Every structure is written in structure tokens, then in C-alpha cells.
């Protein structure tokens, strides 16, 4: 009886631990160096090629229904001739406190042990709530069964990546950090009985980036490329605590997170662009 | 409640229902999937596990090394080859979309022979045997008639052993008419480099290590020469060197993607870039930053181009010119480059010469790390001004025209009227994978492999300071009944027999390629870079690595530019434009679309749906216009306007873009295909229709920026499909920035 | 009116039952293969190990069907006069692969790796049943010639059960992250 | 042998008067039929009845609360899918769910206990007259046969329109 | 009202159920045909083709369907809630209107529920949103506000049906006694063998009180939970703490207006002028004025809290709603309909004027629909990243299904009027008074 109670108490403690942070195997994160990013869009097409996202055509594009899992946002500031154009690639930030996760009534989206915010397509019933709750607008919906609509017209379907399912109508989808590559790398690592090495997992967008603006890796590992670029201390868990600003703990003066004050704790870390004109440092 | 009869009825109905349900489920049952085993299992393939084949990207001329992911014989993904010195693992959107070239539904699936009238698009499928027989019969007759020189071969500027093979073929056949044509070419740049550095080649611009890059209209991050390599270099220049961050100044009338990434934008008046370069050069010499002995001579030569005078013409403030000049000469190393935009004025060569001089005067940036590193001379270009080809055509000199990988009907200015000229040619043979505008006019279509199905190699120009050769190997089996272009010529040679047997004795192109590389190996095997002891080993390494390059820098070769020699080539004044200022108030800047280049990518749905980097427009042509100017003219975004030049007119919707001079409009090239597969056809407009028949006589490059236009608002139907909703940040700190000064402080 | 309603209800209910009986119990019955291949003969009588033919099972996600060459490797000599072997030979001579019918179908959204399971020393029989007793491959136990309950339903609950409880046999505990959705879904 | 007498009244006060008299006379088995609720008045005459429903309602609600809590906590623990940086056992959402189930099961318990105590549904034949559904009040007294005569008298005195005797099988 | 006899009440109510005019059948068949055309066919088309037939897009993933959902849930609010409150407070004028009001509640919950399924991308998997033991061992996410919705609306629909049904048992018994044929067996079954004994009445009253007590917090919780669907997001324009009272007040407001509209129409249609008198409209008018003032207050507070944040997110969302065409027209129309016109009810003349009451109450309902539409369709297209801003307008499928919901509701109500005692016989009788020979207690 006492053993049972102890076990229950222990369980209770675990179950009251917010989000299981410290028990994650990996904490996949991406660092985007905006000073390197040129806005060319290679990553967008690479993503589309890797993840079987359909092409929706002119009509649907005009309605704002492109299915690219990532996009390059562009902001044009100032008037001619003092025009400044800024680019920012936006993908699913795999927020630690993802607003989308709480929204889904059927657990189609949740946080897994790798710190990923994942979407289970075949569980989705299409309530749109996750996409509505997402502050970054990175969730995409399958408005039609695009396969039937001719988006993968033969022989274009020969290209479809067999490691990624082709989604059907009524399903929400989003950037997965190329989870199929993570799965493959973990599979390899398991064969060799080791952890996944830094740089072993490269999502399609990171791989394609000509100017090497994107870096992907494990934030749990203090020696990884991303941890160094983000300038994070060895135990970055408190990044996930509420109200933590990256600027306060990062050694990199350029590190920031998109819409940080929303407290979604995104795991995509941007490095500020170096640019003449007004600086947005220390904006509190 | 139930009597016996009812009970029996219920039982009957129940069983009938159950049976019907059972039967329906049976009918609905999915067809059983099939498990198709290999007949003979390939040794290197494990189903479900990807194989990667190194190859070369042929989506533009840059020659990036790629690796192709192949699963069960189908290409699944293209990625940059991480060890390749050009791509360094990266790949642009065009390169990624190579898969859709391979698997394009619009590909020609079988050899075709024209049956209807030319240009009507009526073709009949024939076998390869028939197709090649028709051609070889024609060639035989031609040669027997002694009109061997009437065989013309027009290709894109290809390099490597395929070019050699084609050359050998033409020589053996007895024709000297092997030409290359491409709209976006660097002939002017080659020519200018030849004048200044004495080298008829594209040099390596070492953007990677420079500290100040002064770019005159070079959109090197999207289309210019080798965008993937330059993007890598750009990234490295900005953030790859701790403590050092290179600066970029972009001089151009329309803020391109490169301009958007630059630190400063100099919105120069179109056609005066060369003058601006010379004014900067003048200031450098005058200010004493140039220390050469011939300082006086230079001063004399440049005296017409004082910042004060040039400021008036270029609409760039005098102080700014002086400031740039000082910064440019003080910062070491610095680099000035002149791009597509500058070279496609009518005085393109002069502009480029002026920019080259700038490099020379600001501390001789040539041959140093972070400057211009010249390559070896390459053989003389076979580039042809397309107008001279057309003259030959109209004179009836062309008896048989073989086209490969080029689409002159689409990529020549509208005024050339290629379509009409081609009528005089008795036989047009198109070696093409797609039914494009030119292929449609041909009499015989021999569909070729795409680059993922074919053998080949590429000798990159410009390379990265040292020679780079990339091998192309078939990653997948041919999807359709197509043939390698090399195989076609080898087959033709076999059919024609005679002298060919000696010149071209190989059975297929792969064998030819291997034999050629064996020659290369035998020639160079004593070099220390080649460690392989046998050719087989060398060849296998070549295929697995993706190519061969020796990693050493060729920096150190200095050049001397003599004033007297160079003076005649300097720009005399602003470029001249067709169309007078009063009737045609707008300068027209055409630029290759970042995805479609000269239009060849327009049939790839991924690229069609990739938002344009600056305007985020997809699936169509647009006209970029300054918002204030548009407002004064009563034009709103999305309005379809008529653009009229003295030579033609097109209709397209307006996209307001603040990075646009008020006196200039810009239109991307690439859309407006009439025939090019369902994703490209009838989409947008081809701005080349606005252009006159104007080429640089010395180089043959089309001057596509030398026209003025007028615009009128119309009510024509047309649609601007823009991905971005709003382009103002509204103080939301989305793209956060820090100033260079703060960056230096924090970094230090 | 009342009677009609009764009949209708009965019909609808029994229709649904019939439909579902087919779906649940009869949909996976052993299809007739192009060649009457017997696992019993190969795996039991001649005790050929599974991986001898399904060569990719420990290397890849899919186990792989033996190539026709593999079949011919033995059957050039063995039992060449049997009519079924003659069929194999005729496929081989026509240079055509044998169009086997897939029995173990998984939906597109399921990621299953044979390699992982083989490496965790899960015996093939665990999921595929005792194929050594099957003349024709089937997912069902056959009682008096009638296919009955499935050996492996290939349903999620069945997978989960093993990942949570059954795995103890092989790896001494539940599968690590074995109930994470993306372990099996893609 | 028990039998009943049923009287119909057009006015409620007469009926109540009769009922009061009968009650005083020691008749226990009195049932009053009415087209409208006259609970107060009846209570006044016949004495207030116990309300057994409230206990059911209370325990139903309590069960509902525990059901909701267990459902939310239990299912979360059965299949752990972390979300939103929230613990597996998150209190706030559980409260909401428990609130709703409290009400739901409370309502159900009330319903069931009402049906139980009111002996509904009951589809067999019982003493009833369709006039009761319209505008007549009925008074049903069940007693030994010999006592019924007095009842009839009282009813008639009180002004019953119609008095009938009902013999049970 | 005391001059009406009990028998007359029975006669009148039973008459509405048994005597059916041609116009009723015309209305019924029009409704049925209308539902098939405007609701059935477009929905089948949408299920078959995909949600792409709507005007939804990224990031405006919520549109008219959810507007309708919230609107109908709102309409449902007043019926039961008012009935319960007025029952507990023993307000006499409740008695002749509450039955229809409760029916309105139940039917609009049902109508709202259909919108949930219409809104879903894969409606055939609807049962996944319910917690039930399954071989996948997957339960529902109780942390999701949508799951709260499932429970709240489920409970609400159940409870309000039970409330409606329980109140009706004596009436069903009364009807049972008067009809013949199939009706006899139907109402016989429905009346559960009710006899009207003192014990039955006593238990019914007690149980009914409990229901009423449960219904009030339930109704409040339902609409707060619906508001949390929006308010628990981070979206500017939605993420506001004021939302729960805002929605509840809005719901009661629209529900009361709905009652007024419905009562006027019903009274006209089945000639019940003598039961629903000016008194009712007088009282309801006062209620509407109160609700209007309350609503106006919360609405101003809502705008104010947005403005007071001072963030660009909220300000853009507000200005998009209030000052940008075409939404500005809608916004100010809403203000006129919900804030200004109902103020006319201050005058007794307006209150008792049937035409004015009808117009104003319909106006309020239009205004309340606009309110929900604006909340959704001006917040989502103006989320955090301006690059994704894109306006949302409904497509023909959405508009058609919206019309369909109104027809669906009308159909349910038409059936109700014919199949159910739409006025509480025994409570009207209570209103008339207990027949006593001596007046007074």
C-alpha cells in the first residue's frame, strides 16, 4: 500500500512537471542568421520537394492557400530612395509552449520527446483551431485532396518522397523539421548504439540554403552548432520558463525569437540582421 | 407481437440485408496491392534505402555540383553536393526543381515528325530508327550535294566533352556552323575583361573574402553567373569571418534581391552606371588614392568625369560619389562588379570596362584574395548574335538547322521575328525535351534526355579560382523514350559512316565520356593532386565525388592596364535609348526572373508557385512601378497596364514596389510562353516583345535594357497573384536589426 | 406502416452487420497468388531461414520479396518438373517479375521498419504468424477451411500492445518512446 | 379488500376541504388529481411530503464531479502527450470538464430519481379520468370497502360533481 | 387573462396541434426543399470536394461557419436561461412564453451543432472528438477549449431537452387525453403515464426546480466556454479577458431578441393573441433595453481593452474592424442595430407596438450575427505577421449553408409547433388562477 502511494506520489510529481522539458532526448532547434539570409527562396522549394507539398495553382494561390510549409516574409520599409527590404524565413517554430497544441481536441498535434511540435495527419479531424491559434501562421490546410486534383500529375508523382505521406483532404499540416530525416538519423544512431551527432540531421531547407543562413541541431547539447550560434548556456532549459527573453540569457547579441512577448517559447532562434538605420536592440 | 409469418419475413429480410452488406463490402474491398520483386536484384540498391548519385545541375550555366537521391530507381530529391567547390552543399530553387524537369508531364515522350503545316503543332510519333534515318538521310544528301556548310547547329552555351563531340561531328561533317545562343549571356563581360585584363573569360569574383563590394547592377544572389556560389560567398563575407563583416553597395535603378541585401542602394539613373564608375575612379585618382606612375595620364583620361558633372547626369549626389570613392579605395580588399543590368545597355561593354578600371585604380584588386581572380583563358566563344543567324536563314544559307537546348523564338527580342525567318529553312531538327516555341516550328523532334538521365560533364566557367570539372551521370533510367544528345550524334555519325568512323568511333556517349576522361587522366596522372593509381579508381572516385578539382588558389597574378589602350572603350556618355523622352517617359529594365531565368523554368510548377523574392508574385508577369509615381498616374496595384515601346506592346498587372526609380519600370523575363507545357502556356506576357533588334555587334549580346516605354492604364483582364499581404512591419519587431556599429562593439 | 418500418430497421441493422463482418473477418483472407508458393514447403520442410529470401528485412524498412533470380538459383536444379516451378521458369524466361499479391498492407501514413524489429530480435512469426504451417500466406487462422480471426490485425491497438507490453520479451521493457505517434506515423 | 372512491370537483377549495375532512377522519390513502400544480395547498392539507430527490441530485452531482476529474486526469495519464508546456495533469481544464459533468450527472440523477419516485413511466391501466387533464380536480380515496360509504358522503357534501366507486380486481 | 376557461386553454393548444392549414404544409415543404437546396446539397458538395469550396484560407481559417455556430449558441441562451430564472423568481408572465423559448433553445443548440460538423475538415471522423475507450488508446485532449465545447454543448443540449420535456409532461398527458389515432400512442408514450396526482406534481415541481437551478450556471458556462474558443488563442482581437461576459451578455441579448421575434411570429401564426399579450412584449422590451445597455457597455469595454493595450496588433485589428471598408459598414450597422434602435424600447408605445418590436428584435439579431462575424473575420486576417494578412469573405457555399441553418431552425420549429404543445397548458392555467369557489386564500 505504501509502495503504491509512493509510486502515485512520484507519478503525480512527474505529471505535474510542465511539458516534460528536462526529460527530452533531444531539443531540436534551428538558428536563422538573418544577416546571411538573402531571401532567395531556395529553402521553400527544397521543402516542397522533400515533403510532398502539392502545388495548388494560380487560382488557389490567389486565395492564399499555398501549401508551402515555410515562406520568406519580406518587409519593405521607407520610401524611395531610402528603401530597406528585410527578409525573414518563417517556419513552424516548434514552440515549447505551442498554442496550437492546446487547441487540438483530438491530440493530433502535441509535443514529442524530441522537443518537436508534431502533427499526426491521420488523427486530424480538421477543426482549424491549431492554425487559428498559431501566431506565426505556419500551419497549412489540405483544402482538397490535391493528389486527385492533379497536383502530382503523372509522372510528377514519381518524385514523391516515400518517407513522407501524401496528405488527403481535410488535414492540417505544417513544417516537421523534416522529422523523417530525424527518424532516419536516429535509426542509424541506434544501429551504432550512439546518440545522433551534431550535423547529422539536416532538414531540407537547411541543406539547400546557398548562403548557409540556417543551422539545425540539438539545443540540449551545449557543443552543438546551434547552441554556440544561439550563445546559450549549457543548461538552456530556462529558455522555456515563462517570460524568458532570449536576449537576457544569450551571449550572442544578435539572438532573438520571433514575437517573443507572446510567450510561445519558439525554438527557432533568429540572429538579427546587421543593418543601417534604427536598431531594435533592447526593445522591452 | 410478432406472429410466425412476420418472424419468417423478418428473418428473410435480415439475411438478405446481411448478404447485401457482405457483398457490398466485398465490392468495396480495395484492389490488393502488388509486390513486384526484382528480376535480378541490383547489387547497390536496397529497396527503401536511398542511393545518392553525384551529378551536375544544368538549370543554368553555373555548373553546381548536385547529389540526386534515388530510391527504387526514381529520383526523389536533388541536393547540393557538399564537397563541390561551386555549390558547397547549397542549391537554389531552380536546382531543386530539376526533378520537375525530369518528371514533367509536358515532356516529349517519343520522336515526332511534323505532319501538318509548320507551326500548327501537328506531329506524328515515329520510332527512333525512323527519326535518325530521316536526319541522316538528309545530312547525307546535303553533303553529297556539297552543301555541307548548310548544316547549322545551334545550342545553348554548353561546355565539356559534349561540346567537343558536337564540334568534332561538325568538323567531320564539314560544317563550321556550330553556334551557341542564350539570352542571358556574359559575352559583354568576357569582352570587357579581354580588353582590361587580357583574358577572354569570366574571372572568379572573390566576394567571399572582400570587405567592400561595389556592385553595379549585378544581381549575383539570384541569377548572375553563379548565384549559389555567390550566395555562399555572400554569407561568408557577412558572417563567416569573426570580427569582420563585409559591406555591399548596390548601384542600380531597380532594387534587386541583391540590392535588398546590400547595405546601401544607389538608385542611379538608368544608363549612367558607367559614368558613375568613372566618376568614382576619377575621385580615386584625383584624391591621390591611386599611386601608380601613370596617375597623370589617368587623370587626363578621366577628366571629363568629375563627380560634379557626373552627379547631374546620374542623379547621385556629388558627396555620395566622393564618399563611395573614398570608402572604396580605403577599404582593402574591395571589389567592384558589373552585372547583367549594366551590360545590357547599348554601351554595355564600355560600362563594364569602366567598372573594371575602378577595380584597378582602387589598389589593383585584380589577382588578390577578395578581389578579381582571373581564370585561364577558355577557347574562343562560339556565341552567335542571333541576328546574323537570321540573316543567314533569310538568305537561304541554312539548309538544315539542328537546335539543342535553346529556344530562340522565345528568348530573342520580338522585333527579330525569328519565327518568320525560320520559314526559309528546309529542315529544322529540334533536340529538345520539351515542346517549346522553337521546337513547335521544327520538322523533326528528337527528344533528349534531361540532365538527370544523361551522361556529361561540365567545366565550370567561372570557376572558384581553380579549375573545376563536374561529372554528370545518369541518376535514373530514362522516364520516356528519349535519347542522350551525345548518343544521337554518335548514332548519326554511325549512319553517315565515312570519315566519322575515325573521328567518332564510340558506341555511345557514356563510353565516349569515359574514353575522354581516360585521356585527361593519362595526361595529368603525374600531377600530385591525382592520387589514384589506375584509371578505374580515378573514374570511380570521379563518379562518387561528383567531379574533379584541384583546390589551390590562383591568386597573385597582377595585371597592368594601359591608359591609352583603354581610353577608346570608355563610355562616351549615358547610354542611348530607343524611344524619345517625350513620348516614352519610362526607362524599361528587364531582368531575368529569379526562378525562370530566361523562361526555361516557367514549365516547372514548383517555380511557378515560388513567390518572387521581392514582390512575392506567383504564376504570372508583373510590372514593377514606383508607388508614388503610380499614384500620380492614378494606377493602383493590380491594375493591368499597357506597356508600349516603339516596337511593341504588352499587357500585365502592376505591382507597386518602393525599390523602383520613379522614371523606370521593371518587368521580369520568363513568362509569356505560347507553347511550353500546361504550367507555362498562356501565362503572363513576354516583355522581350517590347525590344528592338539591337545587339552589341562585337559580342552578339542582346541589349535588353536600351528601350524606353510609355504606359497606359487599361481595363484588360489580368490578375496579380501576390503571396504577401502587407509589406509594412508596423513596428512589430519582426525582422530585428542592429546597426553595424553596435554589431562591431558587441562582437569586439 | 409500422411493419414496413420494422422491416427497414431490420434490413439496415443486418446490412451493417454483414458489411462489418466482411470487413473485420473476411477482408484479409489469403489471396490466390500467381504462383502457388508454399511457405510450409520452404520454411518448414526445408527449414530455409526467412532472411535467406527476404534479404532486406534486416537492412531496410521493407523486407523485400525474393527476386526471380533467387528463385531460379535453387529451382534450376530442384523440382524442375513441378508445374508451379514451370511457372517461375516461364516468368524468368519472359524476363518478367512475378506479380505477388501483398497480404500485409499498411496505410500510407504508417511508418514501419522491418529492420528495427528484426534487429530487436522480434521473430518474424510474432507478426506474420506461423508461416511455416501455411501453404498459402494468410493473416488468419484457418479452421476447417474457413478463415477465422486474424493472426495480426495490423491495427493500431495491436501495435501499441506490443510496444507497451509485448516488447518486454525482447528488450526487457516497453519500447522507448514506443507510444509516440511519430514513431509509427509519418 | 381495498377499493377506492373517486370524486370530481370543479373547485380546488372544495376538494381540499373534503381532503382535510377525510384526513382528519383517519384516511391515509388519499390521492389528489389536479390539472395544475396545487402543491402548496395540498401540502397544507395533507402535510408536507419528504423530498428524496435532493439527495440523488447531490450524489449525482458529486459523482459527476469525480467522473469529470477522473476522465480528464485519467485519460491524460493513460496516454501522455505533452502540450503547451502544460503538465500532464492540468487543473484548470479539468475544472471546466468537471463542472460540466457535475451538472450533467446531476441532471441525470434528478431525472432518474424523479421517475423512480413518481413511478413513471407507467403504461398499464390506472385510475384516471381525462377530465383531470382539463379542468376537474379529483380525489381518490382507497380504503376498506366498508369505510368507503363515509367517503362518498363526505365527497358529496363537499360538492363533488360526480362520485364513483372503483373496484379493484 | 382570468376570463379564459381551462377548457378553452386545452382546446386552443390541442387545436394548434391537430388542425393544420394549407399554409403550414406549404411552409413545411418550402423549408424541406430549401434545406435540401441550401444546406444538404452544398454540404454534400463540400464534403465531397473539400473545405476548399469555402472562402477560408490561411490565416482566416475560421469563418462564417463558426459565426453561425456562435450565433445559434447565443440564440439558444435566452430561452432556457430566462425560463429558469423566471421560474425560480416565480415571475408570472413567464408562463405563456417559456415553452417555445425552451424549444428555441434546444433547436438552436442542435442547429449550432450541425455547424460544428459542417466546419470540420473531416466530419466523418466526428466521433474522435468524444472520449470513448478505443483500441488506439487515444483519448481526447481535455485541455482544448474545443473539448470544453463538446462537454458544455453536450450537457447543455441534454439538460435543456430534459428541461423542456419535463415541463411538458403534464401537457403531453393533457394532449394524450384529447387525441386519437397515431397521436394517441405517440403522446401516450411521451406522457409516461402521467395522471396529475399530488405526488407527481410535487416531485415534478421539485425536480423542475433543480433543473432550473442547474440550467442557469450551465447556460452561463456554455457561452463562456464558447468565448474561450476564441479568447484562449493569442490572436489580436480575440485574446481578451472580457470575452466571457461579452459573449454571455451578447447571447442573452440575442436570445431575448430571438424570443421576441419568435413570439410575434408564433402568436400571429397560431392566433394566440389572447395568451401572448402586450404585457409580455412590455416586459420583454424592458429586458431588451437592459440587455442593450449591458451589451453596449461590454462592447465599449471590449474595444477599449483592445485600444488600451497600445500594441500594434490590437490597434490594427480594431482599425480594420471599425474604420476599414467593408467591415466598417458592418460594424456601424451593428452599433446602430444593437445600441441605438433598442433604446427606442424605453418608450412604452414602442414596446407594445408589435411591428416596432418585430423590426427592432430582428435588427438586434442581425446586429448580433454581425458581431460574431466581425469578431472572427476581422481578427484572423489581421494576425501577428502582416505578411500573411489577407481578407476573408465567405463563398457561396458558406452563404448558402448559413441560409440553410435558418431554414433548418425554422423546420424544427414548425415541427415542434405541430407535434408538441407549444404553450404550457398547465402553466397558463396557473396564470388564470386556481378555480376556487371563495376567492382568495
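Note that the chains take the letters A, B, C, D and E in the order they are written out, and that residue 1 is the start of every chain.
Quick note on the criterion: a residue touches a chain if its C-beta (ideal position, glycine included) is under 8 Å from a C-beta of that chain, and two chains touch if they have at least 3 such contacts.
Here the structure is a predicted model, which is why all the values come from computation and not from measurement.
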(request) Quick one: name the chains whose C-beta contact count is the highest of any pair. (result) A-B
(request) Please indicate the chain closest to the centre of the assembly, with centres calculated from CA atoms only. (result) A
(request) Return the chain whose centre of C-alpha atoms lies at maximal distance from the corresponding centre of chain E. (result) B
(request) Report the inter-chain centroid distance for chain A and chain C in whole angstrom, where each centroid is the mean of the CA atoms. (result) 37
(message) Measuring centre to centre with CA averages, how many angstrom lie between chain B and chain C?
(response) 51
(message) Centroid of chain D to centroid of chain E, CA atoms only: how many Å?
(response) 30
(request) Mind checking the centre-to-centre distance between chain A and chain E? Centres are C-alpha means, answer in whole Å. (result) 41
(request) Return the residues of chain C touching two or more other chains; collapse runs of consecutive numbers into ranges. (result) 179, 181
(request) Identify all positions of chain D at which a residue touches two or more other chains, and write them in rising order. (result) 76, 79, 81, 83-84, 86
(message) Touching at least two other chains at once: which residues of chain A meet that condition?
(response) 64, 66, 71, 73-75, 99, 102, 107, 110, 123, 259
(message) Can you tell me which positions in chain A touch chain C when the two form their complex?
(response) 25, 110, 112-113, 116, 118, 120-123, 163-166, 179-180, 183, 187, 190-191
(message) Could you list, by residue number, the parts of chain B that touch chain A in their complex?
(response) 48, 71, 74-80, 87-93, 95-97, 99-100, 102-105, 221-222, 227-229, 231-232, 234-236, 238-240, 245, 255, 257-261, 263-265, 267, 479, 594-595, 605-611, 613-614, 616, 618-620, 626-628, 657-662, 683, 719, 721, 723-725, 727-729, 732-740, 742-743, 746-747
(request) Going by the contact rule at the top, pick out the chain C residues touching chain A in the complex. (result) 107-109, 111, 113, 115-116, 119, 177, 180-182, 185-186
(message) For the complex, give me every residue of chain E touching chain C.
(response) 134-137
(message) Residue numbers of chain A touching chain E in their complex, please.
(response) 60, 63-66, 71, 73-75, 90, 99, 102-107, 123-129, 131-137, 139-145, 169-172, 259, 262, 264
